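These notes open a run of structures that come right after.
Below are two complexes that have subunit A in common, paired first with subunit B and then with subunit C.
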Partner chain A sequence: MVSAATVAPAAPQSLSLPPPQFARLQPHAYLLAHLSPPVASNQPSARANGRAPSQFRVTSANSGSLTHTNGSGMVRLGDTTAVCGVRAELLHTEDIPSWSVSQSSNANKRRRLADSIKLSGQSGDHEETEAEVEEDRAHIEDLNLLVPNLSLSTGCAPGFLPGAPPAALTQALSHKILSLLHSTRLVRAEDLRVWYQPPNLGPEELERHNDEEHMDVDADEAESKPAEIKAFWVLYIDIMIISLAGNPFDAAWMSVLTALRDTKLPKAWWDVDNETILCSDSIAESRKLSLRGLPIPSSFGVFEADAAAGWRAVVIPDGEKLKAEEKKGTVQKWILADPDGYEEGLSQERACIIVDKEQNGKTVIVSMEKHGGWTVDTEDLRQLVDISARRWDEMKQIMDQC
Partner chain B sequence: MVGPTASLSTLNRADGSASYKCPATGYDVLGAVNGPIELPARRDALKPEDATVEVFVKPGNTTAGVGERYVEGILRSVLGKVILGRERGFPRRGVVITLAIVGGDAVERGDSYLTILPALLHTSLLALLSAAVPLSMTFSATLLGVTKSGEIMPDLSAADAKTAVSRHVLAFSSKNHLLLNESEGRFDFNTWEQVRERALSICQELTMPGSDGDVAMGDESDGSKVDGFVRETVEDRLRRDYTWKIDS
Partner chain C sequence: MNDRRRVNGPPGGTRPPVYASLLETGTGAGDRSQRQRQPAELRKICMHDDNLSAPAYQTNLWHFRTSVLKTGLIPSASGSSYLEFEPSASLTAARANPKSLIPPSSALKLACTVHGPKPLPRSAAFSPNLVLTTHVKYAPFAARKRKGHVRDSSERDLGVHLETALRGAIIAERWPKSGLDITITILEAEDDRWWGDAPDSHDASWGMMNVLAGCISAASAAIADAHIDCLDLVAGGVAALVSNDSTNSSSSAPRLMLDADPAEHRSIVSACVVAYMPARDEITELWLKGDSSKASLAAGDQRTGHEALIDGAVDAARGAYTVLAEAVRESLQRAFDQS
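Take a look at the complex of A and B:
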């Protein structure tokens, strides 16, 4: 009674429920009342959780918390928490069924490639040729070197029972993360390759070569025998959402980013005598992955004022008319950044924009999705891209600190 | 360019069905719609005043996996908004849409599903029309790619889509709302605006109904009038169904 009186002092008898109960019984009206407070009350328009519409929740990131993994990350987005661990395992090329076939068919290309990589070193800033891009894609995608899996059955939210088979949302998120890892080409295939340089066995082998080749024997040892790939690192990326309060994708993807930035692969080499791959124990010899860019996601939900009012089918205005009405302010909608669980239940239309920034500060959109409604169009999306770009700066700082 | 081909009510047992073939990507999709039907254990659905929309996608060569779950989610959110689930007889019941990918390249693990999304959307729309499920609007979708030189390519094949710098699927309603946008690759907002304009002109009904109810055919008969295509398919079917009446 007391709290109701503070919310609406003008009409205390009409609202005789405490706010939490009102929120449960009439969620739509509750959020609407927060977003469009009566003019007389002089309150600013804010969401039920106190945030401004384009405000994200407090985000924190931590890396390297799991000691048994090659890299790990924990990202907290308000009450949504995702933990990600990356475990690397070796895939021997002799275990890949079609490896020798595909290897011999483009051995020459591969050899040139190996040389060019050696020349350019680890900088990775050189312009990639189309063949390199294709090779990179073929290795990572066709050999499935990245295996992300997301788990929601951790007791993170009442809707997901622990121990139950993966829900549709879980599977959709796993797929989205994998497809984003592929389309952004985040991980370089070169980082995952274990090379072996066969030694030059001296003159008896050179006898088979032509005379011209004899000329440049001492020129370059690498020229005589191409380096070969003996194994690949496969990255198993496991994500656990340990607490879910809306927006699982942003938290999951950012935990993947943090974990991959933290991942160290041990130095591995082909041991000829044992005919196997050996790894070094020393941390000093291990190396980090060099990722391509830093794609940061921002998810949005659209809350419409009249969604509950139309019990029967509403007449939907034309696209042009809708725009005109929006200008007049008769159609009311709010685009809520980083929706929490309560808001997600009230918004059907979703947008997710993933942006990256180049060295010169230019914003590049890596992925832009919106579905589930018809109110968001060009102008709104332009604003959302700007918001996402600002979010990128913010997240870059947070990630660099951890 | 050859336009897509489609036929309605190809299956006898389903409430509504459609088959759709897209020549550019080579995908052949068969869709069936059942609704409104009683769903088991949906009595206490989250939204009792609305119909539950269920979408199942079945790939041609394997069982459905995580990728299908993802695309089902997108389709459900688009169609759930278009279907008038509050009409008489629909609340608390279900509309079940089953889409089988009959022909075309297999979608591999981790692929983005963008190339097949327009075909799935068109098939489900035609099947819904065939099942006479009340809809608030029809829609049409298209796939566009942007090449390295910044050129926008319509009618992408699966191979073209792999080489394109960015790929975009846009769906517009019959009233020109942007219903769906799925873009991936690297692009900036100005490029996307151009893509949107191009997609809108492809999706828009270029065949404007004349004053006498006839369809005035323009010169733009290049197969790019997707929305007109939906209308034509339905008209063809109706003409066939009502031949007994028209002839008499």
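Take a look at the complex of A and C:
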């Protein structure tokens, strides 16, 4: 561009547009021109924002800056910023309708399951039994112990009116986060329970034993004094998207992760005198949540050189020839990692892959979704999983630093 | 009643945690943080020095080491700003060496965006002036008590005050038939009193007044960042008459403090917020609350209590103005660099 200007400095302005105007008037052509530069120009194919197709934006995370939260996190994904605050409140079991009923039936079920396991002789101490998994799920999901809410009405983008009820995107994101929290079983129900061990009231107990001498004392003690759950911690997870420039889900979920990793719950106990739950404000007695794994999402958008080609082949009956051409791979597409707001507007097909890694470095696909088109095939998805696995390593490092 | 568009918690409701140390009166509640500043000294909005120790700047949400009144952080808006107060000495100490889960005080953090000027919807009536809409919302985790998702009366009140403050500064007749949306999200608010104090007769939403002053300054910076013509930058300032005595004896008349943090004083008797334009020496918004009849001023000072209070608030606004001017200069520099 500079050389052209020096060659013909006096030439009148031709009918050309400066790049920002071109980008606004012809967004599709603008991005296409960037991704497929003329062969002669010898430029590498890059996106309009200068990134390579599989390159994510600069990400930073920090935690613990908000005073009135149990845990907080902020994640910046380029220009997209999400702030998440976790507030813990107590749900007393007496406030849960029909708690005692469901509890006694559950206890029976648990005992039966435990018996069956004992009979078959395969009880493992460290492995979670099926009953525990089910109880974990029942407590967290049925009692709504995790309450994530995302807010876009912060003036983060012009399209979302502040003060209006949550838009469709807001509701979709909130529910996606909720279902991911449930399906990954990220938070352990055990961390959220407040137990109470009823004291052994010595003399009265002894008297009773004397009266009923025929009963087995040991068994009686074990039966009459089980520890009971008095309350649950409810985690209100509120995410404010402060700035929206594409890919809100990745930013929101990672801010939730950062905040949950930072969350400290105070030590809580049932106070018999006050008949309520009291907490200790000492940091030394509080404990952090022990999360299961670290699921990291990677979102992709698909940009097609000729978006209508595939559809035309279906709609127009004599488009068989076109279809044959397409099979040969003449249709060009780019899978763009971490699309920004501009690219999101140009891509119909989206993919989101959430991966986690086990201790031994094995990659586990937690969730994989793709919608809006049919250009991404299984081979592409396999590559995307590899990209997501690399992204996991990168994010793990960022999260460990904050 | 149930809001089906949000994820709701347990239907029976939840209770905030009760700390055992608060039940044992007088003990364990810790010490009230003391004001370390001079009566006329403002809290810093900017200047987290580069040579501060690590924990000091980690309290800062964005990990900026320099100015904490920043503009242009939200590129999708026409103008934006982020404001954060320097945490009080006790809060910094509590962060560096955490002992208790109860924070001693809080530091204001808010983000402001400006969208517009944009055409009014077709259905709207003709307006020869710019139509200003202000919207202030606390994040649910902003205060000691959890806030709801729907705006409550205090948030609407703040919005109205903010609108009055800005309307006097914007040259509205230059944009007929257009609208301007100003949205403020408060990520961390100020306390109304020290958390260990029992509620008493002097209680009012004093923290809200500090929040309003912050909102005015931040909104002014964001409007300048959006390149909207104004008469001058509007700066917000707060002054308060505080008495550190619990007894209402006449010997300890309340003293004037600029930019008082309610968590640092036993009781605030009266407070005043102004939105002030230094270049024109003009006040666009004035909000005075409480009893300002008694005040211990310097000997020979003939002013009445409320005059002193308003003068104090104007002084505080002048202090905020210097920070504001710096932030706007930065914003303009960026605009020149880009073009």
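In the analysis below, the second predicted complex is superposed on the first by the 326 of 402 C-alpha atoms of A that agree within 3 Å, B and C clash if a C-alpha of one lies under 4 Å from a C-alpha of the other, contacts with A are read in each partner's own complex, and residues count from 1 in each chain.
Assume a residue touches a chain if its C-beta (ideal position, glycine included) is under 8 Å from a C-beta of that chain, and two chains touch if they have at least 3 such contacts.
It should be emphasised that the depicted structure is a prediction, and the values quoted were computed from it without experimental measurement.
After superposition onto subunit A, the modelled positions of subunit B and subunit C are compatible, with room for both.
In the superposed pair of complexes, A:Ala305 makes contact with neither subunit B nor subunit C. By the touch criterion stated above, A:Asp281 is placed in contact with subunit C alone, subunit B being left untouched.
With both structures placed on the common chain, the touch criterion links A:Asn144 to subunit B and to subunit C.
By the document's definition of touching, neither partner reaches A:Ala46: not subunit B, not subunit C.
Looking at the shared chain after the overlay, A:Gly163 reaches subunit C, while subunit B stays out of its contact range. After overlaying the two complexes on the shared chain, residue contacts for A:Ser153 are found with subunit C alone; subunit B is out of touch. Counting the residues of subunit A that each partner touches, subunit B and subunit C differ, and the larger count belongs to C. After the superposition on chain A, the angle subunit B-subunit A-subunit C between C-alpha centres rounds to 120°, nearest 10.
Once the two complexes are overlaid on the shared chain, A:Val385 sits against subunit B while remaining clear of subunit C. After overlaying the two complexes on the shared chain, residue contacts for A:His175 are found with subunit B and with subunit C alike.
Of all Cα pairs spanning subunit B and subunit C in the superposition, the closest are 5 Å apart.
Of the residues of subunit A, those at positions 144, 171, 174-175, 178 touch subunit B in one of the two structures and subunit C in the other. Listing the residues of subunit A that touch subunit B in their complex gives 141, 144, 146, 168-169, 171-172, 174-176, 178-183, 310-313, 316-320, 322, 348-350, 356, 362-378, 381-382, 385.
Within the complex, the subunit A residues that touch subunit C are 60, 62, 64-70, 72, 74, 79, 81, 83, 85-92, 95-97, 143-145, 147-149, 151, 153-158, 162-163, 165-166, 171, 174-175, 178, 234, 236, 238, 240, 242-245, 264, 266, 268, 271, 274, 276-284, 286, 341.
In the complex of the two chains, the subunit B residues touching subunit A come out as 49, 65-67, 69-70, 72-74, 77-78, 80-81, 84, 86-87, 108-113, 134, 136-137, 173, 175-189, 192-193, 196.
Interface of subunit C with subunit A (complex): residues 5-21, 23, 58-63, 73-77, 80, 91, 98-103, 105-107, 109, 111-113, 115, 118, 135, 137, 139-144, 146, 149, 151, 181-185, 187-188.
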